[in-house]
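Chain naming follows the written order as A, B, C, D, E and F, and within any one chain the residues start at number 1.
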Amino acid sequence: MAEIVTFGEAMIRLSPPRFQRLEQARCLEVEIGGAELNTAVGLARLGHAVAWVSVLPAHPLGRLIANRVRETGVDDRWVRFSQQGRCGLYFLEFGAAPRPTALWYDRQDSAMARLTPGQFDWDRIFEGARWFHVSGITPALSDGTAGAVMEALQAARRAQLTISLDLNYRARLWDRDKARQVLSPLIPYCQVLFASEADAEYLFGIQGESFVDIAAQWRQRFGVFTVIATRRESELVWRNRLAVIGANAEQVEESPWYEVEIVDRLGAGDAMAAGVIHGLLTGDLQKAVQYGAALAALKHTIAGDLPWINPEEVEATIRGDNLNIRR
Amino acid sequence: MAEIVTFGEAMIRLSPPRFQRLEQARCLEVEIGGAELNTAVGLARLGHAVAWVSVLPAHPLGRLIANRVRETGVDDRWVRFSQQGRCGLYFLEFGAAPRPTALWYDRQDSAMARLTPGQFDWDRIFEGARWFHVSGITPALSDGTAGAVMEALQAARRAQLTISLDLNYRARLWDRDKARQVLSPLIPYCQVLFASEADAEYLFGIQGESFVDIAAQWRQRFGVFTVIATRRESELVWRNRLAVIGANAEQVEESPWYEVEIVDRLGAGDAMAAGVIHGLLTGDLQKAVQYGAALAALKHTIAGDLPWINPEEVEATIRGDNLNIRR
Amino acid sequence: MAEIVTFGEAMIRLSPPRFQRLEQARCLEVEIGGAELNTAVGLARLGHAVAWVSVLPAHPLGRLIANRVRETGVDDRWVRFSQQGRCGLYFLEFGAAPRPTALWYDRQDSAMARLTPGQFDWDRIFEGARWFHVSGITPALSDGTAGAVMEALQAARRAQLTISLDLNYRARLWDRDKARQVLSPLIPYCQVLFASEADAEYLFGIQGESFVDIAAQWRQRFGVFTVIATRRESELVWRNRLAVIGANAEQVEESPWYEVEIVDRLGAGDAMAAGVIHGLLTGDLQKAVQYGAALAALKHTIAGDLPWINPEEVEATIRGDNLNIRR
Amino acid sequence: MAEIVTFGEAMIRLSPPRFQRLEQARCLEVEIGGAELNTAVGLARLGHAVAWVSVLPAHPLGRLIANRVRETGVDDRWVRFSQQGRCGLYFLEFGAAPRPTALWYDRQDSAMARLTPGQFDWDRIFEGARWFHVSGITPALSDGTAGAVMEALQAARRAQLTISLDLNYRARLWDRDKARQVLSPLIPYCQVLFASEADAEYLFGIQGESFVDIAAQWRQRFGVFTVIATRRESELVWRNRLAVIGANAEQVEESPWYEVEIVDRLGAGDAMAAGVIHGLLTGDLQKAVQYGAALAALKHTIAGDLPWINPEEVEATIRGDNLNIRR
Amino acid sequence: MAEIVTFGEAMIRLSPPRFQRLEQARCLEVEIGGAELNTAVGLARLGHAVAWVSVLPAHPLGRLIANRVRETGVDDRWVRFSQQGRCGLYFLEFGAAPRPTALWYDRQDSAMARLTPGQFDWDRIFEGARWFHVSGITPALSDGTAGAVMEALQAARRAQLTISLDLNYRARLWDRDKARQVLSPLIPYCQVLFASEADAEYLFGIQGESFVDIAAQWRQRFGVFTVIATRRESELVWRNRLAVIGANAEQVEESPWYEVEIVDRLGAGDAMAAGVIHGLLTGDLQKAVQYGAALAALKHTIAGDLPWINPEEVEATIRGDNLNIRR
Amino acid sequence: MAEIVTFGEAMIRLSPPRFQRLEQARCLEVEIGGAELNTAVGLARLGHAVAWVSVLPAHPLGRLIANRVRETGVDDRWVRFSQQGRCGLYFLEFGAAPRPTALWYDRQDSAMARLTPGQFDWDRIFEGARWFHVSGITPALSDGTAGAVMEALQAARRAQLTISLDLNYRARLWDRDKARQVLSPLIPYCQVLFASEADAEYLFGIQGESFVDIAAQWRQRFGVFTVIATRRESELVWRNRLAVIGANAEQVEESPWYEVEIVDRLGAGDAMAAGVIHGLLTGDLQKAVQYGAALAALKHTIAGDLPWINPEEVEATIRGDNLNIRR
């Protein structure tokens, strides 16, 4: 029985060995990733029982994804294998200043995008669970997935789960109007919202003098209790500084800033969400932003989208241990 | 100005390092391949000026294919880059007895499949050319490509080119009835037909006591002058024996049998076609089956779909030189 | 709830890329393996719910093993992580005729070898199960593991499971006298015994004019119902022929012989056991030897110790499908 | 018909995977490079029709170079394959502060160095062209190549091409006196000169209080219209800052400074030349230094000597777009 | 005949390609390392005749170590191959800020740890030698190795060698009390002591306002003539600053600080010891700290534990040459 | 002091990963090889003290060769490092039937080829030695090396060493007349001659009805006591059969035939020479051909030119042990 459930697509990520151009590639490294899966992995690595709900193609690539999901310890029992639809792919090219890292999606017509409502028994999936997490990418995939998200949210509310949504606006998937129209009825189901300040303004015109202001507007317009955002300074491609900020009606909390040597930038926001959910499940908003920032920072040091972190190193990061070799 | 023109799709081939299962892959080797491209490369390596006509997506993967085409010396000037459609992919898993090698296509909705008639100026493309080659895969991709093949064949006839067609029936692309219906009006344009005995029987009910009989039926029903087929014995995955047979109205010729240690089985039939076309352009049917068999045999020893052979090693193979180290 | 339970150690296998000498190695490929784990994986790949019981060190290498076990779909819920003991390793060097493949164990003082009786709740583990499988390697590791095997066998009998034992004599682990002394009281618990003709003779002096004779002696002396053995012809390192034979009181069955192109010879006997158990669980002795031989043959074509096979390719192998590329 | 023609040698570059010492190497990565080829590639990637003129050995390594040249889109039709002479090589070892990157040439007696005058039909090569570019390395190779450069310059003047020369003094190839003696009669043919301030002073005693002064001296002594130089700050091996400055009789222009995370330092100056030539062909001196600096900066982020850049990323670099992931 | 003798264990180091987690590893890179071996290699690379004394298992892994020792030019003639005991291993995982690099030893029960006194003929080993070096790791391995160190020190004193000891306290090998008890009688044999300020305080309560104070206490309590320590600033994992300080009764010397781009942090302290010993053998304390710092800095730029440096690059580092490419 | 001395050049071998064409290579694997070095390594692996005499360039590639020579246990103390001349290279492309393996030398103007007589103190080198071995490649490199071989042979005769010569005719290095002229005065110094039947006939017109006849002619014309040849059947590239035959005035001995699965064909003849020399030094002609054939067979299974064999596996091969996994 899972304590936490997430719902979304996973893709296969193909990238040439670092800094080679994709158009020169003679081999591609294979990772898997997907916003809600990444978050599920972060939570499983912190010791939670997590189930990831998705649709995969009945194909070696679909099995590849399921194999690796199980490898992380995330429960794949609710994943459906479909004879319809492709396996979503994305291609990734690592950059270096002044050339940013770039990616290209090849996810059209995926098994997940072909999902139609009514295929998951959400009430059964949520038995015994405490938290449901989804991102704005899932409803962006197709009308079918948007419908399925609504089903899941309604069932999660019935089951009295805490619900979190990561806006995660992707301009390649949908435009502003469509996103606003689909997301607006979904957000009121959520107690916790992950939303960058840029997305808040772009999608819903929400802006403010302070993060407290912004959070207040989310609360007023959508009833969201807690709002979380990452702050990042990116003067280079392989060195960044970042922190996490969160606010609810009573308080605003900000994590320390971390200087990160970047190994792989992908999935940092999803790892942050895992840290925040863990913090809220086991502590308070302060713990949430601390764990969120520590997971985000650590994720930058790990190859692939998945946050293969350990609880001890999260704690050492929060404590600010020195960077000497651990022997 | 190209002496020979071929027309078809090229895909990116992704395969785990030998014998790993695709569902375990941590990296994938990148090759390119496509029936008519493979044949074009074989002809270019033998010294002919060859142009390959195709549609590629305006995307790093499309450029990857064009780059590698130019690397081989094939002329890509007529390749169109399209904003529509994906880059076709195929996934390949190497087997070993008793497990055969397997492949999975992911080529739906490719830039090439989205081709509509009227986009190529075939008369200009064929200026100065002597030979046009296409396979049955191209018309199988979509109605648009089938229409484009018919346009090309009509233009090739106008330009008095010799025309060859490799049936290359692929059950994953279309069924027997559709294939017969589309191919039947195309075959009469061809002087040279590559058709396995199995495809001849399955698609058109053509069978006979001897290859001469079979060729006669092709001639009677479709007016094809020369018919070519490969014969192969495959008791193992990494060792085969093969030969090439050809017949026209006057004669039947069969190459010697070659014992091959297989490095990569893909593209052997397309390399054979290149050898046959070279033989017919520069000699007679006997030379055609000799070169066809030598190219097919050599292709088995080369990684990837493309026949990176040299004229000297083709000649050494035909002479039957010994297998001592060349120093 | 698992249908089948196996119990044994898994090690990390380290091997230089093919044919390099271990003493020259600049990198080592990492696989995992262990007799009972290998068998569990074969059964899981055939669709059974299988749990593998073991002890692993609380260390990244122990987690590596658990991760990969889950990746295969085998249930690791009963695996204990211990602060005591090392992670067993073995080093493997691939040969080629006339130099055989060789391996070196480095498994002393492993977490599993330090197991003491009483640490597993076998009655709970066996709830709902139908079959228990163990090999002679597990009791060879230490007195503690030998005691744990006896506990498991007694609990399995109480739970009315079918019990199978693979003798798997390893001269590096114990000598003949010790092996005979420890194994003798264990064998009577088993209905199914995997025993090579060489081991039968060496350990227990069991020999006979035919396999039926040998099986009869096993039955008379230890009450074993079914006896299974592999037959192998190894004139080269990378090409073998093999078949499986089995006998019970009523019948003797022998599989076809398979010609195998060997990719990785390790774990073939364990894959055979998986095929036999599957055959017996879902059919009869004839099906058992057929599946046993097909899994053994297929395992030779797969890198690593684990039989990453698929049901469809097992069936194709049993049908004797040809070795053409599957497209 | 090429718009731009460059003339020089290309070598095969062999380097151990990053940071391994050459004397420990177990494998070497293969790239190609050569000053004028690098510049040709940069121009081809920006959309120009570029031909590279050279001599290569009739040997697999010579073909390797030609293959890769075609892969980039540069026209290799004028490349001569010679039975005489070796394929030039260079060995490269990447450093890290405080150990600089180092290289060793093995280019003596190359096919190019054996070139004798009269072998290229420069008038035909320059038909339809607008620009000819060469570096000081070509005349340094041998008396034969020096003679061929003079032939090319005279033909380029006849054809009214703009001519650029990159001094590129290499102390390993010739000494100061020889360089001055050979280069002095060549420089007056050039309208555009790439010359570091250090080379200007060392070879010709040209120095000045400002870059305008230096450019004025080049103009007075050799009639050069435009002079270009890179400025670089190198406190570390993997992080540099750089800018490009250019002056003619009317103006001096300096690009912004770029902070670069270095992936591969080789070929940055040649990429700069490509950017400058593109700027001058399509704009003015300001555009030239902007494009020169952007290409130089981007080249640092790309593995190998060749500037596999895209026009869009050059433009984004000039605009100063942020370094967030492009999705 | 060796000028310098060192004595200690070497292990095989296994690390996943950079930044992969050990628990995900599919391959491991193989290096060798050991404190005294690392120092021996540094000295051999500077041109000294150096012998390394050790015990290795009679096993391919033991041979691997001996092979690589000879590859460096260190003399392995005194290395004993033992049928008893394992080959020591250690596993290494590279980190990035804020996650430090970590390592796990698997060296229990090694051939070296099983050493018993009396097995080396130290008088013969020291014939013609001038210097003996050992670290605190050797006596930490077992009572047998501690006894062998005492034998060696007594023989070295008899042979009038200069003796150096690197404290190198490793908490995983022994605790403070045991370390103090074993090391206290060994230190008085040494003229040169490498001791970090942290170890000095932790093990012996030695602390002071200045390094001169600390050195004076070492001199008073143990008669040590020269004391050396590294100073390091580690705000990131892949960038550090470091210097070396040394003091004797007459003087204190400090090297310049070096900014290092870190390729591999392991073995830097042992390389420093090599530089110091070289400086003292061929110059004075000032030269010692200069060479010590230069070797430590350069070692950070070289993959593996062994300092594969060259005399010329040590000298260039000491001179502070710029970081331009050496061509 | 070496028991056996060999004299010859070593080159760096560069080959693309198996079966890639050299002209497509993106990386090259680095091995070292040279006829007399290969033989020296075989003898060292069998336990002899062997010194290899050569000239290497003072360059990282020269050090690479010396490092690897020491790694094998061969003594490199007499190797001279020269400021003159290149490092010899050769490029290797693996084939598969019907395409043979091919290689290209790039060894002109090497440091060894620039050797002039008088540079080695052969009397000192041969102190305490019993055997001197050289191949016909060494005198083929240049007049200087031919002179040095004559010096070495005269000194070896003075020192009463047994002398062996491996004809090893290479048509790329010299023609028949030159070879005959240079080799004729060298052969009379030798007691043992390795000469294929083809070389005997081609160079000296020696042929016969039996190997005894051939050996008798060598004895009559050149005074050679023992003649050795390999017999090989090569129907495929990756499977051969081979045996060794030897004859002296009293007897003819032939080894068993070995079926070999070929990993790397290079250096097999040189390994054979090592086995023969070992057999003659420690036994008789029968032992010589047995060890010669076993080393040749085993060498085929080992990557690179050097015979990294072990005495135990040579003995197992001679015994004809089975090919089961050694555990």
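As a convention for this text, a residue touches a chain if its C-beta (ideal position, glycine included) is under 8 Å from a C-beta of that chain, and two chains touch if they have at least 3 such contacts.
Keep in mind it's a predicted model, so treat the numbers as computed, not measured.
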Measuring centre to centre with CA averages, how many angstrom lie between subunit B and subunit C? 45
Which residues does subunit A have that touch at least 2 chains other than itself? 21, 23-24, 26, 67
So how do the chains connect up here, line, ring, star, complete, or something else (other)? other
By the touch definition up top, name every chain pair that qualifies. A-B, A-C, A-D, A-E, B-C, B-D, B-F, C-E, C-F, D-E, D-F, E-F
For subunit B, which residues are in contact with subunit C within the complex? 18-21, 23-24, 95-103, 105, 170, 172, 234-238, 265-266
Touching subunit E in the complex, subunit C uses residues 14, 21-30, 59-61, 63-64, 67, 86-87, 89, 91, 93, 104, 106, 108-109
So in the complex, the part of subunit C that touches subunit A is made up of which residues? 67-68, 70-73
Per the touch rule, the subunit A residues reaching subunit E in their complex are 258-264, 294, 297-298, 300-303, 308, 313, 317, 321-327
